[in-house]
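Here come two complexes built around chain A, the first alongside chain B, the second alongside chain C.
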Partner chain A sequence: MTPISPPEPFTVTTLEGAAAGHDPGLQPDELIHAYRTLLTVRAFDEVCMKLQRSGRIGFSIPNRGIEAVSVGAASALDKSDWIFPSYRDFGMALYHGVRPLEMMHNMFGNGADAAKGRQMSVHFSFVEPLHFVSISSPIGTHLPQAVGAARAFQMRGEDRVCLASFGDGGTSSLGFHSALNFAGVWRAPVIFLCQNNGWAISCPSAKQTASESYAVKAQAYGIEGVLVEGNDLLAVREATRQAVERARSGGGATLIEARTYRMGGHSTSDDPKRYVPAAELEAWECKDPVRWFERYLAGVELWDEGLRERLEAEVMAEVDGAAKEAEQTPAPGLETIFSDVYRDLPTHLRRQGQESFEMAQRLGDPAAGDGAFPL
Partner chain B sequence: MTTRTLIQAVNDGLRSAMRADDSVLVFGEDVGPKGGVFLATEGLTEEFGEQRCFDTPLSEDGIIGTAVGMAMNGLRPVAEIQFQDFIFPAFDQIVSEAAKLRYRSGGQYSAPMVIRTPYGGGIRGGLYHSQSGEAYFCHTPGLKVVIPSTPADAKGLLLAAIADPDPVLFLEPKALYRTVKGDVPDDDQPVSLSSLRVVRQGSDVTVFCYGAMVPVASGAAEAAAEKGISVNVIDLRTLLPLDEEGVLAEARKTGRVVTVHEAPRFCGYGAEISALIAENAIEYMEAPVRRVAGFDTPFPNTLEHHYIPDQRRVLDAIEEVYNF
Partner chain C sequence: MTLEFKLPDIGEGTAEGEIVKWLVSVGDTVAEHQPVVEVMTDKATVEIPAPAPGRIVSFLAEEGETVPVGSVIFHLDTDSAGDPAPAEAAGGESARTQAAHTPVAVVAGPSGDSGVVAPARKPTGRTLAVPSARRVARELGVDLSQVVGSGRNGIVRRVDVEQMAKAGAGEQVAQSCATASGAASGAGDQRIPFRGVRRKIAEAMSRSVYTIPHFTVVEEVDITDLVTVRTKAKALGEEQGIKVTFMPFIMKAVALGLARHPMLNGHLDEEAGEIVQRGDVNLGIATDTPNGLIVPVVRGVQSQTVMQLAGQLGELAERTRAGRVKAEELRDSTFSITNAGAIGGTLATPIINFPDIAILGVHRIVKRPGVVETPEGDKIEVRQYMNFSLSVDHRLADGADGARFLAYLRQLLEAPGLLAL
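Presenting the complex of A and B:
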């Protein structure tokens, strides 16, 4: 048997930022919007880290290192498409116009949060400006759902697609197998975006799969598979653009593996120093996706240090302001424990709700914990 | 005796079982070099090597399915599910396979294994890092379900679970991992499964509880004592198979009963205790059994302290049955 040599990820720009005549299909203002989104993700990360360290929120998921994957992929989608995100996709929501304030309401779990403070932080859900489907913690459950939603578009003859995002760890889930299998059989208009960031908490890829890549798994399901350099924003955009085109034109599903690296802990509760080799971090540092995109922008004369400074200050002010406002926003009311379980409140929940109101009135509010999440 | 936290006692139990028996294996997501996300398996890979304490791919179905195969072929798997909320991909392997293997093979095959998993709220984990799913599993003949509430029991019950000939689901109250400390025997003293623990003797009202609700019920009993009510607090420890005679004896003793759990009330474990008493000890009862439980809603995040029964809610129920 001849060993298959691992393919090199597909790139569009060199590390120096040269794109050799590649047409990204984005106008200058759209390129700057993508850049601004990268900086917003970074600012959001930074502010959340500070909020968590000072005990004002319980938990956050750092995006550092993987920003170009979500922003690049999102830039190839229309607002009419649906995203089935993972928890590490801040950039997809922000690119399409979700405001940092809406996300901060979730981080604080306050009464203005779209999910009424019921979910842990970073578990966003939006229907405007695009469908960014409610994030579930159990890994992989959303993948077959994306195929089902895509089938609905297909049946109604709509020119829309679903993009489902997940990690390298997510490829081991039951949902991954079912989703790729169904998508293959149905030629469903769906894009599976595997963000291979090297780690599933403390487990490196070698413990996740014996395959030469995640992209290669597509073959077995009869769908397209692409391996792309995840820190090259335009490469992720191009791979996604082609997959979207295939999906819209009836060509079925694509599995994209975007190879990137998690430049920090799994979450604010994780200490990566316990297991991440420093040398690997260093090797990826020079491929920082934001700096990489800046070099491309500079090459097409859209960027200089001044632009970075101006935009950084702008997005930081916005994110900071959002955090302050979200922190001041009151917690959800007691009734939100009982509403939305069903569309119509059943009798037993009405009774339990009344009992809890009555108890809160009689005995005062129970003591809240400190909200520090250990993972 | 050494003073340990509950999670340290779990670690002690695992270490001790692994030292005593080479066929004991520990595996799951992040349990290897990292030592588990809660550090329950810290240092085990170091001491026993990656052959005996190792990370798996991210698949609960795979973890439990392979554990069943190992168990039927002479190994003693102790599998960790990172959060009980993530056990459901493995529901089939637990409920259809591990629990039924002995029965369906006429006793030719069996699956002696332990599934350890942290359960319960109190860490602002929202819907999927807080659930108490014991009732799903207590409805599964062939499975044993164990929940410790003290460090000594965590070690003793875990040792008994690992030695047990049948599959055991070992639910660890994560809220107590680091908040309770207690003396733990240095040598191995297994605690028999299906035995109750009397937490506190009392003569007016009996409170049945387990896991993270034990300290809550004890606090309520303390507060009740100040009001002149003597409360008998019983830690059930093993939910399946239950020490039914023990429960009935403790219920008859006071004739007034409160059950407490974090899980939703409807079809929750309290209903089983209540039915057991209604069927077998109704003539001793001076008041209806009162159930304190989580609401019949998903587990909220920001308002979790309203959802989880606290001392005030338990005390309220104690007073209600006492004054009935």
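Presenting the complex of A and C:
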């Protein structure tokens, strides 16, 4: 057997920001929109971390370091496509027009939340303006679902594709195998975006696989595999664009490994200082995806410090305002415990519902949380 | 409005957090999201920010204290955001006094100063209770507000209601309080918050005793000659400004004994499944301080002279009693010595300073008639004796090992010239 050496990750821009004549296929306002989205993800992270630490929300997942993967990939998708995201992908939703306020409603689990407070924080789902299927906590379970949806589009002759995103840890799940296998068998219009950020919570990539890369695993399933520099937004966009084109034209599935680095904890519940080597973190600091994209934008004369300051202030005000409003928004009504599962509520549930309404009337509204984790 | 800040669950199921450091002072004006306190949980050490702009009215937990999730740790006056601190305006009225004047809706929480466990109430006056407890209370006709909860944050559990119902109607409250606190209360009783150093000591002792099967062996040592040597050494030490006690001689003897019995010097690395025998002898010296028992460590005892040890010991003991000993000076002992000799007691069963393998207890010197063997035959003389109690981890050493070590110690201390070997 000839060993397969992984190529160097595919890049479009140099670290200095030069793109050597590459046409990103985005208008200046679209490039600025992508940049603004990166900053919004950062602002959202920052505010949520503070909210969680002061007990105002229960949980959050930081994105720092991987923002260019989700924003770059989203920019290559149409609104009609379906996204089966992982929990560090809300940049995709923001890029396609979801407002920070809609996300904050989820963080507080209030009555205005799309899932009516029935999902965990950060587990967004949106029907409009894009198809953003609920983020699921179990690892890799959404991959076969994405393949199933893609297969359905294929059978119906629809022009849509599915993008399923997951981390390096997700490649060790059963779902990864089933999904890639059947995506290959059916030549399903699906893109698997492996966000290899170096860590599955505290488990380093080195302990996750003996393969030379994750992209190389595509070969075993008879699909395309691409290794891309995840902090180069335009490279992620280009790799995704080609994969989407392949999928739409009947060429089947692609596994994209976007190599990046998680520059914070896995979530608000762990302490990365205990396991992330400081030197490794420092080495990735100079590849910060936001700064990298800024250098590209500066090269094409779309960016200066003033723009950053202006946009940072703008998105921070929007996110902060969203937090205040979501915090003030009342909790979901009691009836939402019983709604949306059955079209006609079975008798025993209707009786339970009636009893709980009566009890709530007698006792006043159920008390809000006591600082405990809301689950 | 005074906002009560409750320690949130910052890590998916953490039960408590230690207050590491207050990052602001009482009376300070803080912005929303400004870090107020550093808290350490089992999972991480994090900065907790202010939930709203305002002025810090009071702290309800001290640095070093471990508080349960959900207990109020500070009060924030959200009306005075940006105003000069009233404490200053009032001419230095103390923050504590300010706190006392500020109406606060909730009775003492788990970390309240009174230390009394009161029924948990929401500001609306409603008792916190789990749903099944409410149902049972309705069925049994128990007034929930009279029930003392045994759940987290004092939440009333079903069993609390049932116990209350079982108790006689007249003594309901007392009975339930007694159940919750584990003991009845009388007029002269005092309730002291169980926390800080006392709690740390309790945790360390429990861990040692519940983990290590201890066995203790006691030996009587004739230290008449050592007393003579020490008296001379004391005079020598005074010239150098060093106070020479018996302890440095005992430390020297222990270091020599451990060189011969290395299985008593180290610890058990349970994770690696290995017994670690240490090359250095680092002696933890249990010291009685106003704050409780502290065990500073003298390092590299095997390569020091008695006089050097005396100097180091005096300095370390003084700093320990003054509370100026550094955290790293309390770590990494390989064997410990506890000295109750000055206080009294003939023998003891010392508790091993976890994860050490053994600990030596040193007791008071007594003068007694003793039999001395001379060429002319046995004679009765006034001799001085000291008892030594050695507790050993029976998982790692056998009774004979401990007895041999102690016998060797006796040999050295009865003929202190041998310490120079």
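The definition used in the following text is that the second predicted complex is superposed on the first by the 355 of 375 C-alpha atoms of A that agree within 3 Å, B and C clash if a C-alpha of one lies under 4 Å from a C-alpha of the other, contacts with A are read in each partner's own complex, and residues count from 1 in each chain.
Operating definition for what follows: contacts are C-beta pairs under 8 Å (C-beta built on N, C-alpha and C of every residue); 3 or more make two chains touch, one makes a residue touch a chain.
Please read these numbers as outputs of a predicted model, since none were measured by experiment.
Novice: Is chain A touched at more residues by chain B or by chain C?
Specialist: B
Novice: Please work out whether A:A200 is in contact with chain B alone, chain C alone, both, or neither, and reply first, second, both or neither.
Specialist: First partner only, chain B.
Novice: For A:G58, select first, second, both or neither according to whether it touches chain B, chain C, the two together, or no partner.
Specialist: Once the two structures are laid over each other on A, A:G58 reaches both partners.
Novice: Please indicate which partner A:G230 is in contact with in the superposed arrangement: first for chain B, second for chain C, both, or neither.
Specialist: A:G230 sits against neither chain B nor chain C.
Novice: Looking at A:K50 after the superposition, I want to know if it touches chain B, chain C, both of them or none. Which is it: first, second, both, neither?
Specialist: second
Novice: If we overlay the two complexes on their shared chain A, which of chain B and chain C does A:P100 touch? Say first, second, both or neither.
Specialist: In the superposed model, A:P100 contacts neither chain B nor chain C.
Novice: State whether A:P85 touches chain B only (first), chain C only (second), both chains, or neither.
Specialist: neither
Novice: After superposition on the shared chain, which partner residues are touched by A:T268: those of chain B (first), chain C (second), both, or neither?
Specialist: A:T268 sits against chain C, while chain B stays out of touch.
Novice: Which parts of chain A are touched by chain B and by chain C alike?
Specialist: Looking at chain A, the two contact sets intersect at 58-59, 270, 274, 363, 367, 371-373.
Novice: In the complex of these two chains, what residues of chain A are touching chain C?
Specialist: Contact set of chain A toward chain C: 47, 50, 52-56, 58-59, 265, 267-271, 273-274, 363-364, 367, 370-373.
Novice: Using the touch definition from the top, list the residues of chain A that touch chain B in their complex.
Specialist: Touch list, chain A to chain B: 58-59, 109-110, 117-120, 123, 136-140, 169-170, 172-174, 200-203, 207-209, 270, 274-275, 331-332, 334, 336-338, 341, 348-349, 352, 356, 359-360, 363, 365-369, 371-375.
Novice: Given the complex with chain A, which residues does chain B contribute to the contact?
Specialist: Residues 29-30, 32-34, 37-38, 55-59, 61-62, 85-86, 88-89, 122-129, 174, 265-266, 295-298, 300-307, 310, 312-313, 316.
Novice: Note which residues of chain C are touching chain A in the complex, please.
Specialist: That would be residues 5-13, 32-33, 43-51, 69-70, 122, 124, 126, 128, 134, 152-153, 155 of chain C.
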